[in-house]
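The two complexes that follow have subunit A in common; it is paired with subunit B in the first and with subunit C in the second.
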Partner chain A sequence: MPIIINLDRMLEERGMKSNELAEIVGITTANLSILKTGKARAIRFSTLEAICQALDCQPGDILEYVLD
Partner chain B sequence: MTMRKNNLLRVASAVFKICNFVLLFAAVALTIIFIHLQIDREFYADWYINKPVANETITLKKAYGEVEDDPAKLYVKNWNKASLYFTYFKFMGVIGITFFAVSEFLKVIHSVRVRKTFGRQNVVSFRRIGIYSIVLSFLSGVSDWDFGNHHVSSVHLDFTYLIIALLAFIFAEIFKEGNQLMEENKLTV
Partner chain C sequence: MNFSFFNEYDLHSDIELLFPITSSSAAVLQFIYSFFLYSAISLIVWLMLKIVNSFQSNKLFTKYQITGFSLLGKLIIWLSVLDSIGSFLMRIMLKSKLELKLEISTFWLFIAIGAFFIVLSKIFERAYQLKSENELTI
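Now for the complex of A and B:
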């Protein structure tokens, strides 16, 4: 899929662990893993909003469009 | 997680289980008669079937009193061996395939009861039911009745089974769509 999820980089920059983010956002670590590995087919605005709030960033910092 | 009590599904499940039991019983009974007929043909001297007419149910009957040569009755003792074998294997095929089709449908009912309605297995089950129905339409349409003085071989297509096959394939496609939607929903974070 040409949409890349840059969650790993953002987590590293913020010094946060995956399970901490999952807890703050209110999703399971399994679902966060699906998102991180690019297996997710869709992301809810509410989830995106919660991630942006937790990482203090913009949606564009997490999602990136790369031409195939 | 199981569904809250659904009486319709419970009744349907029970009815189809009874159907399968009856089919198994019929297969065993037919086989016993078939084997016994090879051993002791005279035992069936006064057993007959009525001359099969299109769409008529074939019933094996026993004549009492003096056995006359009624042209409308086909006596089992006169049954040509090849025709007897053909008819036995045809009926066993019909029973077997119907049993498998009903079993597939039971799987679908069970999946709904355990809330796995749109699982991939149901797509497979409906496709199998479709294929079984096509085979049944051909199988139930061929017949060979040879009783010496009466020999009729016929081939026809049973459209009822073909319509069931078409419906089963349509259901398979619907469940495939449902499965895709379920997978997408599962992968929505």
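Now for the complex of A and C:
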């Protein structure tokens, strides 16, 4: 899929762990892992909003479009 | 081998046998034909029961059900077609009568049932895709 999730980079920059983010956002670590690995088919606006709020970033910092 | 019972049965009964048994080869042929026919019907019933049982586990739109419905539909259609061909050939061989029957009550009904199961498997396949898409929405 040409949409890349840069969650790992953002987490590293913020010094936050995956399970911490999952807890703040209110999703399971398994679902966060699906999101991080790019296996997710869609992301809810509410989840994106919660991630942006937790990481203090913009949706564009997390999502990136890369041409195949 | 004595076939007097069959001949007597044929003569004194109002019920006409589909293929009157007049010789040992006809009896063997009839037996083999019936054996395969009823084996196939048993397989269909067994498969149907397996699919119905899979619904009781509260898991819907699984790969198992999709494959099962598809297989069931194909089996029913193939069995109807093969049975029609088999009956046609048996009539030629045993009754020496050329007869082609495509009755609405039997042949087309079973074709429709088979097609229904194939359509059902397609619907389940689409539902499975939507379900997995929904599960992968974070």
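Please note the rule applied: the second predicted complex is superposed on the first by the 68 of 68 C-alpha atoms of A that agree within 3 Å, B and C clash if a C-alpha of one lies under 4 Å from a C-alpha of the other, contacts with A are read in each partner's own complex, and residues count from 1 in each chain.
The rule is simple: contacts are C-beta pairs under 8 Å (C-beta built on N, C-alpha and C of every residue); 3 or more make two chains touch, one makes a residue touch a chain.
This structure is a prediction, so every number in the text was calculated from the model and none was measured.
J.: After lining up the shared chain so the two structures overlap, which partner does A:Lys39 touch, if you call subunit B first and subunit C second: first, second, both or neither?
T.: Both: A:Lys39 reaches subunit B and subunit C.
J.: So, does A:Ile27 touch the first partner subunit B, the second partner subunit C, both, or neither?
T.: both
J.: In the overlay, answer first, second, both or neither for which of subunit B and subunit C A:Thr47 touches.
T.: After superposition on chain A, A:Thr47 lies in contact with both partners, subunit B and subunit C.
J.: If I apply the document's touch criterion, which positions on subunit A are contacted by subunit B in one structure and by subunit C in the other?
T.: 27, 31-32, 34-35, 39-44, 47
J.: State the interface residues of subunit B toward subunit A in the complex, per the touch definition above.
T.: Residues 183-184, 187-189.
J.: Which subunit A residues qualify as touching subunit C in the complex?
T.: Subunit A reaches subunit C through residues 27, 31-32, 34-35, 39-44, 47.
J.: Could you pull out which subunit A residues touch subunit B in their complex?
T.: 27, 31-32, 34-35, 39-44, 47
J.: Of all residues in subunit C, which touch subunit A in the complex?
T.: 132-133, 136-138
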